[in-house]
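Order of writing sets the labels: A, B and C. Residues in every chain begin at 1.
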Amino acid sequence: METATDIISSVVLLLNFIVVPGLSYGSQLALGALGITLVFGILRFANFAHGDTMAFGTMITILVTWWLQSKGISPGPLPTALLALPAGILATVILLVITDKTVYRYYRHHKAVPVTFMIASMGVMFMTNGIVRFVIGPNDQRFLDGERFIVRARDFKASTGLAEGLSIKVSQGLTIVVAIILVALLFWFLQKTRTGKAMRAYSDNEDLALLSGVNPDRIVLVTWIITAILATIAGTLYGLDKSFKPFTYLQLLLPMFAAAIVGGIGNPIGAILGGYVIAFSEVMVTYAYKKVFIYLLPQSLEPDGLMQLLSTDYKFAVSFVILVLVLLVRPTGILRGKVL
Amino acid sequence: MSFLSGLDMVGGYGGADILKGCSIEVDEGEIAVIVGPNGAGKSTAMKALLGMLDLKQGEITFRGKDISGLSPQDRIAEGIAFVPQTNNVFTSMTVYENLEMGAFLRDDDIDATVEQIYELFPILAQKKDQRAGELSGGQRQQVAVGRALMSQPAVLMLDEPTAGVSPIVMDELFDRILEVRQTGVAILMVEQNARQALHIADRGYVLVIGENRHTDTGEALLADPEVRRSFLGG
Amino acid sequence: MNNTRKTQLAFAAIALLLLIIGFAQSWNVALGILNLCLISAVMALGVNMQWGYAGLLNVGVMGFAALGGMSAVLVSRAPIEEAWQAGWSNLLIAAICFGGTVAAAIFCYRKLTPGRNRNLAMTLIIVAGLFLTRNFLDPAIASIEAVEPAKTGFLGGMGLPIIFSWLVGGLVAAGIAWFIGKVALGLRADYLAIATLGISEIIIAVLKNEDWLTRGVKNVTGLARPVPYEIDLQSSAWFIDFVHWWHRGSLASLEAGAQQQALKQFVIDTSSIFVKVCYSGLFAGVLCIILLLSVRALNSPWGRMMRAIRDNEVAAAAMGKNVTRRHLEIFIIGSAVIGIGGAMLTTLDGQFTPTSYQPLRFTFLIWVMVIVGGSGNNMGSVLGGFLIWLVWIEAEPVGVWLMEAGTGWLDESNALRLHLIENAQHMRLFFMGLVLLLVLRFSPGGILPEVVRRRGNKD
């Protein structure tokens, strides 16, 4: 029969394999989806280059991290990449501003249809991808250093006496903390500052915003800057947590789009919600629950299979299925989308 | 020379000319109303004054200065405010934020102006933290006018402010517009409800296919038998 | 310059380029490129039908091409009896369970009134059906994959000539397109794009992981060919005679011993060229058929209706045209053409490797072809397919050469120089993006823009 310890063990198991990874992956997706949603809300197109923007920002951060490491500069137990982030952000801001000036501005001034923007963003995607692969190569890069764990499974077991361990990686803790700070700052900016309100107004009703004296070029510029910040940080956190590979970042497009649309595209709260919905669904559907059931069920009922709904290889399918379901049932997303 | 005037305006949205030489003027503390049948170019004439279409011909002056070369944004900065007929509020923002956006170009303290707007439209004070999209049609119209007034404009342009609101709300709105006139603002208005609008008009323009047909005071136009027969339904 | 003239010139330029490659590099290389150009052109035609005729943004080209590739395996491979014996009973039950689930779900959807109860019932049916199916499918998969996993470990195929797979590939792609179209068409353009991007990733995931069906990442190699093998040609008398006749001039000048030696070399060289020419003939035939049919379709009342819908959906709908239905049709047809291209590609490669399907190469590159060639113009897409593939292939050596030339002043073992040369191949992505953006900006109609016929205004 199950005892109190068994129940606690199963909870720890779920915390360790579902809640912690889900929260950190969800935060990374949320930050990425925020960038997509901002561009959609202001410039009104689905930005296919966003995954590669993330890869670009992360790449610069990695290069600066390596340089700092070679100089022996490190922020103690935290990853050196944190010190390199500002450089990555700056480079990404420059990249995005140049792209806007050379590519998107022309279509904006000519009032092109969204599809044209979208195809242009495919071109930008190609170019950014080419730059990233050219500079850092197509292979896996690791750049995590400093302390690895906040809580080690072994220590956790020793101090609690439980059979199941809980481990929290520094990269996971960092992701969640940074995401909270960043999201709080973004909302403060959108709700309280003059420029933030102008962005919301522009997203809500472009013509009326213009009639109120809002300068569209400035709004677009600010949007790209925020997008660059979000993308670089999201990409770096993802790279620290897993690893950096240009192709993986291209593939992140799908879950990020799904997160943005599921939450309600153009709606920042929706993007965050969508990020966690997608991340938790992915983790929960691909987790093998066998051990949990062993703890919770009497021996006679224990399952022989892995009790896994879907193999991890099908995680794309999860975001896609959720995306399709939401589009069919509630096309505006969970929170109504379209405006900031 | 009037405060704001557009003389002999000719032009359209790229295709055929919609305005074929019409002139509109308005002075401080005065209400000018443009009426006319559908497709007469009433709204177009107003948008021309705001610079939203390229004129082939004609001169637009404001405070005695030629502003023909200015973009709509620059004209707004000069002190012209415009309330579009539709989509004239930020639906996802609160009433207060809508008013704030109206004052976007101002650097000074806006609290006093907000209070004035609340006095003019008391309902807005009650609903100040509600999203504009959740308000009724008449209330939205008040938000729209309030937003425009927040920039403390010298000229207020209203494109069919009473379209789609109930007769009671319409009367109230006209009363408010009269109050705004008291403060010395020049008001230019396009209206479908010609009879009511001409009642409060100091100056009335009857446009037909892009040209001035009749121009007089509101009362005189109301009294003119031809105007009555052709445009006011008897 | 009118469009017809431009088309002739453009294709003459491509032919010239191929000839230059033939003389400068080798005929083998030139024909290899030509074959892939032909396949690219077929895929570009498929995308052009969806985008150019109907304005549908399909960003899942990769998935449909991969389905075509899968068909090549499933049609041409001999069935593996042992695997079938090991798994057929469970597989059959699993299939029945799956079919039953789908039927029950549809029944439930039709019979119950919409609302919470129906949603709940549907969810229950689907989850229960999934578990039931898995219950039989998992042991079936295990037993199939246990059969000589190093050599086979999958069910094999139908053992038919591979050329049938071109048709089957089209049909499979069409079937999946029907399903996607039912779900995603009618959504806004950008949502369709994202939905198709998603479905293509899923298709690749399935092909990579369902070993019992496709052998997954273990790949299927040595697919049967629709054309002769070099080794057979080299030993057949008529071929040797043919080569002898072809090279009679240069052979005659040699003495007997050297003549024999030279003839042998000629036979080897010619055999591989001959094989490639056979492929080119087949591919060109398919391309011509598809091109002919699509030109006819585009100029038929159906094609006019399509373009009318694309240009003004609301007006077309108001005229009583069934927009969603037409979109579904064109989406299916376009995807089928892409599937045919995918099957042809796998046939040419002689192997099926699911990991080789990458979105940049299979989805976005095809898009560049369509946009650069001229969307809405079939000849434009064909031209785009040829041109972009040529550039894509030749950009690599040119990039390496440029980097070598550009860094000549650096030391041979300079780290920067080595890095630049090693990574030069990735610059072709950058270059492709640049070409796409330049065309989109300065010549949005592409090289051969769509021909818009107006009354009294013949081109």
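The criterion applied here is as follows: a residue touches a chain if its C-beta (ideal position, glycine included) is under 8 Å from a C-beta of that chain, and two chains touch if they have at least 3 such contacts.
Owing to the predicted nature of the structure, the values given are computational and were not obtained by experimental measurement.
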Chain pair bearing the highest count of C-beta contacts: A-C
Central chain (by mean CA position): A
Furthest chain, CA centroid comparison against chain C: B
Rounded Å distance between chain A and chain B, as computed from the means of their C-alpha atoms: 46
Inter-centroid spacing, chain C versus chain A (mean Cα positions, whole Å): 32
Centroid distance [mean C-alpha coordinates] between chain C and chain B, Å: 59
Residue numbers on chain A that touch chain B, as the complex places them: 194, 197-198, 200-201, 204-205, 207-215, 339-340
Of chain B, residues touching chain A in the complex: 72-73, 76-77, 81-82, 84, 87-93, 97, 100-102, 104-105, 147, 151
Residues on chain A engaged by chain C in the complex (per definition of touch): 45-46, 48, 103, 106, 114-116, 118-120, 122-131, 133-135, 137-138, 247, 250-251, 253-254, 257-258, 261, 305, 309, 311, 313-314, 316-317, 319-320, 323-324, 327-328, 331
Touch list for chain C against partner chain A, complex: 55, 57, 59, 130, 138, 183-184, 187, 189-191, 193-195, 197-199, 201-202, 205-206, 208-209, 358-360, 364, 367-368, 371, 422-424, 426-434, 436-437, 440-441, 444
